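When the chains are written out, they are named A, B, C and D in that same order, and each has its own residue count from 1.
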Amino acid sequence: MNEFWRLPVNVSSYGGDIDGMFMLIAWVITIVFFAVEILLVWFLFRYRARPGRKAAYMHGNSRMEVLWTGATALIVLFIGVISRGLWLDIKDPLRFPEPGLQLIVSAKQFEWNTTYPGADGQLGTADDFIRRNQMHVPVNVPVRITLVSEDVIHSFYLPELRLKQDAVPGMQIPAWFEATQTGEFTVGCAELCGLQHYRMKGTLTVLSADQFNAWNAQQVAAAGAAPGTTPALAAPVMNNEAAGSPVVAAASHAH
Amino acid sequence: MSTAAAPSMEHGTSSFGVYNLKLGMWVFLLSEVMFFTGLIGSYIILRFANPDQFAVPGAVLNVPLTALNTFILICSSVSMVKAFADVQAGNQAGLKKWLLVTALLGMVFLGIQAIEYTVLASEGFVPMAERYAAHGRAGGHETLGGPLYGTTFYTMTGFHGTHVSIGVACLWWCVFQAYRGRYTANSHGGIEIMGLYWHFVDLVWIILFTIVYLI
Amino acid sequence: MFATRRIPRLIALPVAVALAACGGGDSGATGDTGAAGGDAGAAPMAVANAGTINGTVNFTGMAPANQPIDMGAEPTCAAQHPAGPTTQTVIANNGKLANVFVYLKEGLTGTHPAPSTNVEVDQHGCVYVPHVTGVMAGQGIVFKNSDGLAHNVNAQPQNNRPFNISQPTSMTSAPQRFSTPEVMIPIQCDVHGWMQAYVGVVANPYFATSGEDGNFTIGNVPPGTYTLESWHEHYGVKTAQVTVDPDGTATVTFDYDASVANAVVPLGAPFDPHTDVAAERRVAQPQPATR
Amino acid sequence: MSTAAVPHDTAAHAQAHHEHIPFIRKYIFSTDHKVIGIQFMFMSLFFLLLGGLLAMAMRWQIAFPYNETAGFQGQPLPGGDLLPETMVVQGIMLPEFYNALVTMHGTIMVFFAIMPLLVGVWANYLIPLQIGAPDMAFPRINMMSFWLAFGAGLLMLASFAVTGGAANAGWTGYTPLSINDLYSGVKTGQQLWALSLTILGFSSLMGSVNYITTLINMRAPGMTWFRLPLSTWALLITSILILLAVPVLAGGLIMMFFDQTIGTNFFKPETGGQPLLWQHLFWFFGHPEVYILILPAMGFVSDIIANGARKPIFGYHAMVWAIIAIGFIGWIVWGHHMFMSGMNPMLGGFFMVTTLIIAVPSAIKTFNWLGTVWRGNIRFHTPMLFALSFVALFVIGGLSGVPLAAAPVDIPLHDTYFVVAHIHYVLVGGSLFGIFAAITFWFPKMFGRTMNETLGKVHWALTFVFFNLTFFPMHMLGSGGMMRRLYDPTQYPHIASMQDTNIFITWCALILFAAQLIFMWNFLWSLFKGKLAGENPWEANSLEWTAPSPPPHGNWGDRVPVVHRGPYEYSAPGATADYQLQTEAPTGQPLPATH
């Protein structure tokens, strides 16, 4: 069934739940689909016009009306109930897990600029550094991103991580994901944002904790070397303001 | 109304016993309600999102003048009612008189609004975001409120003003028809729907005056 | 029956609409693409005993290092810059300054029709070549895409009509035209934020851009005394008087100093996402339009 | 009656009685609801063709993009050289033009093709005929409604010709892309877009005021509410939705227009405006709009299926209440278009539930259609084939809406081709098939000639097959992660791997488009050469079939039809035929015409 629906590979901690929900709904609607269409086609064949036949004269049947109304209502309410919890787990900021890394993703025509906390692990300080169209995150660490937009509405889309969230100018919209595999994945824009909307794409590189720390150290050094910003020592930036927990710890308590 | 209703009923069963014109006006007013609901709803959303952009009541807007204007519009509603009562009673002279009064009051309202706009604009209170610099009636140098204030104010009062202007035009048409003796005691649908529209415009203004000027 | 008589007229209406619309559809730029432009963009018509202006742009002091460009997102472009791509803000070698735009500002009489040839700006390795170029008012300027990947050319002038065209693959754009003189017009690509160039729009054909050696030549200049203006994106504007004798060659030098930087047409300051993200309250809870 | 009080009625009567009306008043600026309906039909069929052409250009670009880095050798757009270099350069379609195609295809199809084809055409043509009225309540307002729509259409077409080209911010016109030409590169086009839609809104308002008044006030004697055909019921609820939804959009469009022209800042974030406010206004209109676009088709299909099955519609009252329920719930579901917009997730949860609930009335209707064909005596004429396909395809369109309504599943599906597939199953498989059914069904009444049955069946077969081949694979493209409105999908590796599907879809779409030429030919040919139709070629029951084909001005001449029964009395025991006209007296003998 997965290859029928061509779902992209899932490397997200909550992607499995989404796919499961999708498959469940897919099966339900497939069954309903076949039931209805087969019934329809059979009726059409069985009751086609033939000389001498006369249609039955009836105006309906209340019991059947109640039956199928109730049945449909039950199915959709069931779907609604089981969906709601998952929805809030993913989108409600109050339910976000403790982030191991906080990033700012700023969208502009037609780039995804990711701001990293830099040496001190604090966003909004001088040693932050920005990468264009390239995100690097550690594996198995909840990453909390704050989406902002410089110009128009964009939509931050990570197919393999089952994450999509609009970036709206004038708003900071939080989102989170946790990659479960290392590798290179797609960053795309899902909301028409201008001429080159189709080119607003980047790469998400998921690294192991060590690789990420190494990469981060190198970036911090580069940023420090660049004129205009204060030189900074290479240090793991896994800390978030609340609990200064190093990446390994973050990874462990995430599991 | 039964006589007026008769023509459209002759080939049909009406559910409400209301003749076409009146029913049509009611239906149209429903959509007008939705139109102003959309405007007012947007105003509320924008204002809650940017409370700092809306100056305290009376600091920028001339409330006393507008209160007078509101009073004038209410009076025009009363005169409209009088006109309708007279045509029902078959009092042609009264009909003409009160229609004229209503039309004139409507024009006075528009005139005062025009003056209000000119003064406000001269005080830097304009709908264009980048040119907004409202110093308020007391003068002073710091800008009161923000661009959204001007934007929403002119859009909402402007749309109401447009409705009043249309109403005034129709009123003059009614006056013209009245002088041609087109309205009689048992056929005066024109006057009745004119009244409906006019009272609606009046009602909308009372709401706008409250939320734009007073709150 | 009358139903059939009604038809043709009713068909006629929408069809007429269609024709009208499609007829009008043929707006915008016209034909001739290609054609080489280059340094002294326009090719002025022959002038009686015309002279030449030779010039040099000197540079004193320590040139600031150009910022490295992160082209990681475009490997094909990065491959074209073995030394590692950098910005081209200041290119100064042994006391000479490149990419200085020089043009005849005052002293010229008569009208100067724009030539039919087009100036060409290439996009190669995700960099505009040349970085600074000139064009006559009304002359066509075409943008060539040699990279085979998408670029867009976004020009936001002050006194001319802005345009924003895109080039999905290797191709040459239709000629764009600036109607009024304007020095300088910044050009940039929104797909590759680092791609920036300048176009100087001049009312006459007498302009040039200094090369790597700091030299420039303005040929075919009618005799007379002129005010030359030079422009550099980082070090700003200087002027010089020059007199061109009949059939003569005038020389002029401009001196720039590393310590005096006053850009005339600064490109927009980069957006700082931190400004109000610091407001953690709003970060924690998105503010929907309805509350 | 008095001319002053009710002038429009007198106008209508004047036309009803003497036929001496100058040509221009009779066919161009006519106040006859039938002529206006037919004018709407020709206008919107033209726009349908145009919208289809735009879609073909889009499909070509999607299938054959130039992407050297990924090794896709593009194909030049056929006939692209005819287009100016602001659209196509050296055979290569420019992204700005592609975005304009996306935008204009959506706008034209929704506002200038499907909506007028459903409401403008059939509400005008059918309502008075089905309720036994001589004309609309306000014929002149009716005429103005058409000519306003026509003007709006001209404006929309003109936007292709202005500097910067047509609007390219998507048919949803999301701000701030749509209000700032620094971002979109389009200034005049976007202004014309907003203006044209505002004018069209006024036109729709005039129309619906007319339809509602006519339906409430001008029903023939004996035509009680529950003797109305379902088409009329659906058109009534649709008119109410238009009446209440369009003004909100008009308000939003006017604010947008002010933002674009005089520099107000309703939607400009940099000065405190709210981009999401536009989305709320647009979708508050937009979701009722979705039902505006499907309810009338449901009505036509109900009438046609009952007629084809020679059997009373199953659960008439349930059908009516389902329509009304959709009309109500449709107002509180708009947020499901904005799950990913940064709207408060709690609101998202609420909208998810309401959205799922609205599936119930749709299901009721589907099952009742099944119940109608059950134990019928089904005649497969072209209208019936289209009506049955409507049911089959509407089921798919409805079911594919469920995963989109479930918010967590919508996260990966939102703004992908899954949405595209869903909306096209509803708007093409649903509305458009309903429209084809209606056109083939009422064509004889409109023009007095029947359309060619063979050509009709061929057209139906090709359309049905290639519609499914075109749009069903889009579901998989969507769940595979292909975003909407991509000028060049091959830019993304995970989509480039599905490029063969895109090419297949494009070829099917081209054939689907070509198949519509058969319909055009059949339509035009039948206008002049079609087999003459009598009053009641389909042996149907409702009032319009008691009028001559085509009905004269005033529809009923001097007599007024009197209604004695519901519209679905097929195969009633003891009846002479297997159908009974609504005017047929209980005795079984048609009444002498009352005066």
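Keep in mind that, in the parts below, a contact is a pair of C-beta atoms (placed from the backbone, for glycine too) under 8 Å apart; a residue touches a chain by one contact, two chains touch by 3 or more.
Nothing here was measured: the structure is a model prediction, and the numbers come from that model.
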Between A-D and A-C, flag the pair that has more C-beta pairs in contact. A-D
Just grab the chain with the largest centre-to-centre distance to chain A, centres being mean Cα coordinates. B
Averaging C-alpha coordinates per chain, one finds the centres of chain C and chain D separated by a number of Å equal to 48
Find the geometric centre of each of chain A and chain D from their Cα atoms only, then give the gap between the two centres in Å, rounded to an integer. 34
Give, as an integer number of Å, the spacing between the C-alpha centres of chain C and chain A. 40
Touching two or more other chains - residues of chain D: 95-96, 182, 185, 272-277, 280, 342, 487-488
Junction residues of chain A - those touching two or more other chains: 109, 171, 173, 194-196, 198-199
Name the residues of chain C that each touch 2 or more other chains. 150, 152, 164, 166, 286-287, 289-291
Give the list of chain C residues in touch with chain A in this complex. 64-65, 67-68, 70, 72-73, 150, 152, 164, 166, 190-191, 193, 271, 273-274, 276-279, 282-287
Write out the stretch or stretches of chain A touching chain C in their complex. 93, 104, 106, 108-111, 113, 115, 123-124, 128, 131-134, 146, 148, 150, 171-174, 194-196, 198-200, 202-203, 226-227
Chain D residues touching chain A - in the complex, by the definition given at the top: 95-96, 99, 102, 169-170, 174-177, 180, 182-185, 269-270, 272-276, 309-312, 314-318, 340-342, 345-346, 348-349, 352-353, 356-357, 359-360, 363-364, 366-368, 370-371, 373-380, 388, 391-392, 395-396, 399-400, 402-403, 406-409, 411-416, 475-477, 479-481, 483-489, 491-494, 498, 570-573, 578
Which residues of chain D touch chain C in their complex? 27-28, 35, 38-39, 42-43, 45-47, 50, 65-69, 74, 83-86, 89-90, 92, 94-96, 150, 153-154, 157-158, 160-163, 165, 181-182, 185, 274-277, 279-280, 342-344, 347, 446-449, 487-488, 527-528, 550
Flag every residue of chain A that touches chain D in the complex, lowest number first. 4-8, 17-18, 21-22, 25-26, 28-29, 32-33, 36-37, 39-40, 43-44, 47-50, 53-61, 64-65, 68-69, 72-73, 76-77, 79-80, 83-84, 86-88, 90-92, 109, 147, 151-153, 155, 157, 159-160, 162-166, 168-171, 173, 186, 188-199, 201
